[in-house]
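These are the structures, in structure tokens.
Look at the two complexes coming up: chain A is in both, with chain B in one and chain C in the other.
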Partner chain A sequence: MLPDPSRAPARTDLPWLRHRPVRRVPAAAATRVDLRHAGRPAPGARPASAGLDLSRPTREAAPASSSLDLSAPAPAQPAPSPSLDLSSPAPARPSPSLDLSSAPAAPASARPAPSLDLGSSAAPAPASLDLSSAAAPSQVAPARRRPSAARGDEVLGYAPEGVVVGRPTLLTRDRPTIALTAVQSGVGVLRVTSAVSQGVGDFRLAAFAHLATGETVLLDHNRAMTTVPAASRRPVVQAVDRGFLVDLRQTPRLARLVVLGFSPTSAALAWSGALRVETIGGARVDVPLEREPGAGSLVALSLVNVGGRLVLRAERELVPGALREAALAFGFDELTWVDAWTPLV
Partner chain B sequence: MPAAPMKRGSNAALTREIPNLRGVVLGVALASSEPVLNDNLVVATLLCDDDHKVLSDEHMVFFNQLTEPDLSVTQLAAAAGGDVEQVEVDLDDVPAAVHRIVVVAYLNEGMGHRRTLGQLRDARIRVLNLADGAELVRSENLAPALTGETGLVLGELYRHEGGWKFKVVGQGYPNGVVGIAADHGIGL
Partner chain C sequence: MSWLARLRGDDEPDEQQAPEPDEDSPAALQAAIDELVRYVNARAGGLPPAALVNARMLTDTLTEVVDSAAVRPLDVYAVISVRGVVGDYLPTTLRGYLALEPDARGVPRADGHSPTQSLMMQIDSLQTSVSATLVATREQDADALMTQGRFLQTKFNRSDLDL
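Then we have the complex of A and B:
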């Protein structure tokens, strides 16, 4: 049964989508773009005379015709805004049933350590809905699902900044997200490399990639899991020594990539260093690998394809346990695991 | 009747010859026997000012950005008629600030494939009438002049005396899309 939308909490993570720049679209052209791609044969091709021609339905006076008319009926009332309004239908009043300020999470004083970033649970009423603390036990911290993991973190909550070419951008706790332009997201290769000193310990880099086709793959260069799709002649992502290459010619095939550091021996690591993300034109983003020493997987970076733009986010999340726990915590549910470290290929 | 192939550097006064021309389709044909080369070929259309600079990064139309903010130039999701890519241009809707619409091809580099456009056996651009798909002009095959280039300016539409002309360019770039981007003010 679907929940009553009027009782839903106010969504503050959607305004970014709602407030994207609205392009000036002529009324007729807006319809034409979709239809011509779908229904009209490409120019130069022999026309299919019997086919339903949906091209340019409004350029000329529409004759009375028995053909299928897909034009919108004349509205009796002023037409609603063509833009998708994702604003919350709920009134601004807080819903007592969804008041998470007193969620049964461990109180701040009982939290084991600042190793897990649960700060938002104790912070006074953030505007964003954060369910993370509700299920987090105070002692043993198994993998927990992040609120947006099921949707692939596509909801950002605000408009991310862009990358300034010629000046490295550091993703910080205050500014964790940045977006490449569609050009930066589609030209050349995106190179992700780690810069980690030996003092960190037995550090290794891995990544989970999710393709638009639904395929999910673990990339681990040291174990010869080097391409997505696996054993492909045209890999979308390739694991190399100390990093990954994302073939931006294939950006439409990539849905999400999550990069993490871990110790294959489950040793505690003295986390420090950074991931460096570089475009072919030299635009650079640095993602810190810094946490307090501890065991587990440090999920450092997520890279999400949002309508052709790659959005980079510094996750800074230390997930206790093996790679399987990190995969589950970040919504990579499709993998089947041979053991806690090895997915079934 | 098929149009006679245009030589590199030649131009045609499209709207003077066809006064009621409202839109064109720019069709690009690229062919080689190298599958890796074919996989990594990209056609892009750059909407430039009079100084050959794009108005913004949103004015590069290619597979990852199929149209520009004013929707006057749109790359089709699928091409036919022997073209690998086709780009529709509504001439009347092109923003006044756009003086040149430049069509380029490049090899997407960085994955270590080491291919060049010199391996192409065919590289042509043609102009079709958007209204009926009739071919107006066609370039000569630009491939034989290519060697180690990884980027190529195929041709351009440009404003001239209130109308539009088309020119076959055929300029290669040894440094590929990076060089094209630098010359046209595109931020990579």
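Then we have the complex of A and C:
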């Protein structure tokens, strides 16, 4: 006795026998891409069209037409000619079409169709995405030009990577820079701290800050150079024990900050550890202090204020010599020095 | 050494002569980029912050191009591009800007752009060029990987022609 075919298990080893039924789209719901070039009055009946019509073809018209016609079923048409017709069929019945025509003056009775109109339409089409140059220019507010480095604006010329809140971001050689958002750069305090073991040696932290006013200041907590501007009661940057605090409410006053590690005795240090940069919102950036052992100043981190956004970069540059050499190597050349370690305040 | 040279008593050529340093090697290119970075950093005080950051991004992109030599040798066009930007284009742009008096840097010139705007545009143009080089280099790497994949598939899988 043969088993009931309806209960037979599905055959998965004959995939080529499967076929998918063609889904018929109802004519009224069909979406049509109509690249008509209008300007002409819409004829009542659809003329012989060879326009780039992406609507669904009718059974009758399709064999005779040589046009690219993916349109919805249209009413019966006269014998179409095999020509490229950019005319405006414009049926009276509105259809949700992607209309790239140049504005057929819609019949007064016709409801404006929801269409993508790239033409030079003069007719109102409230539901359409009209990229034309027509309409009333006086009514359109001039678009605000987006700043661009390619046009000479002083902005970032690239899309910077950001910081993911809740997950430390490590700046490495392959990804040496990130940018804080405008909010992260302008709210609260940015805390820069060092995490260095005793094995490194006689490690100290210092920083050079350059303000928008042009003032350049060395920050060294161990020598009581603790505020920028110097001796300010409302400092933009403040040196604390093993770190710095940047008052982000005063970000516009800060142009540049460079943080470096050094040995006050010029001893060679076994560089290791990291700088940790934290925002009040929980964003954290780690900057390694990894270098081969050596003397000098290890410039680890730079912050640059670009239009209110702080751009952080792991510099990883070991500058031989004293603090003066490090200052000159990073463009802080407006300081006057008493000796190689002490600027004139 | 030829027998004629030996008869004439010519000196033996120094076969242990050090080879000429290859200026187009990845190490030499990276050293040139590092030198350019130091040049940019040392002049950071005279540059607009945005120009400084964009110039450093440009040097990062140059480094990425050179780093791709670890996978496959650099294309000659990539070498020319890196050499040109590092040795000429960017330093010339920066030198030209820094040579101006600070007061003149924001004053529009005859073409309507100030020197600062021109600096930003020139760095952006260089970035566009080097980024295109990097993309082309990476596409070559991707193509090489695809070719390797097809080779392995043919070598270790049954051929479609097998019965």
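The rule is simple: the second predicted complex is superposed on the first by the 186 of 345 C-alpha atoms of A that agree within 3 Å, B and C clash if a C-alpha of one lies under 4 Å from a C-alpha of the other, contacts with A are read in each partner's own complex, and residues count from 1 in each chain.
By definition in this document, a residue touches a chain if its C-beta (ideal position, glycine included) is under 8 Å from a C-beta of that chain, and two chains touch if they have at least 3 such contacts.
Quantities reported herein were computed from a predicted structural model and do not represent experimental measurements.
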- Does the superposition put A:G282 against chain B (first), chain C (second), both, or neither? first
- Query: Quick one: chain B or chain C, who's touching more of chain A?
  - Reply: B
- Task: Using the touch definition from the top, say if A:V338 reaches chain B (first), chain C (second), both or neither.
- Result: neither
- Query: Touching A:V165, do we find chain B (first), chain C (second), both, or neither?
  - Reply: first
- Item | First (chain B), second (chain C), both or neither touched by A:A230 | neither
- Query: Which holds for A:Q184: it touches chain B only (first), chain C only (second), both, or neither?
  - Reply: first
- Query: Is A:L245 in contact with chain B, with chain C, with both, or with neither (first, second, both, neither)?
  - Reply: first
- Message: Looking at A:R313 after the superposition, I want to know if it touches chain B, chain C, both of them or none. Which is it: first, second, both, neither?
- Response: second
- For the chain A and chain C complex, residues of the former touching the latter: 149-158, 176-177, 210, 216, 255-256, 304-307, 311, 313, 315, 317, 328-334
- Message: Residue numbers of chain A touching chain B in their complex, please.
- Response: 23-26, 29-30, 33, 36-37, 41-45, 47, 165, 181-189, 191, 233-235, 238, 245, 247-249, 251-252, 279-283, 308
- Message: Show me the residue ranges of chain C that touch chain A in the complex, using the header's touch definition.
- Response: 38, 41-54, 56-57, 60, 113-114, 116-118, 120-121, 123-125, 127-128
- Task: Write out the stretch or stretches of chain B touching chain A in their complex.
- Result: 25, 27, 35-36, 39-40, 42, 57-58, 60, 62-65, 67, 69-71, 74, 76-83, 86, 88, 90, 93, 108-111, 126, 128, 130, 133, 135, 177-178, 181, 186-188
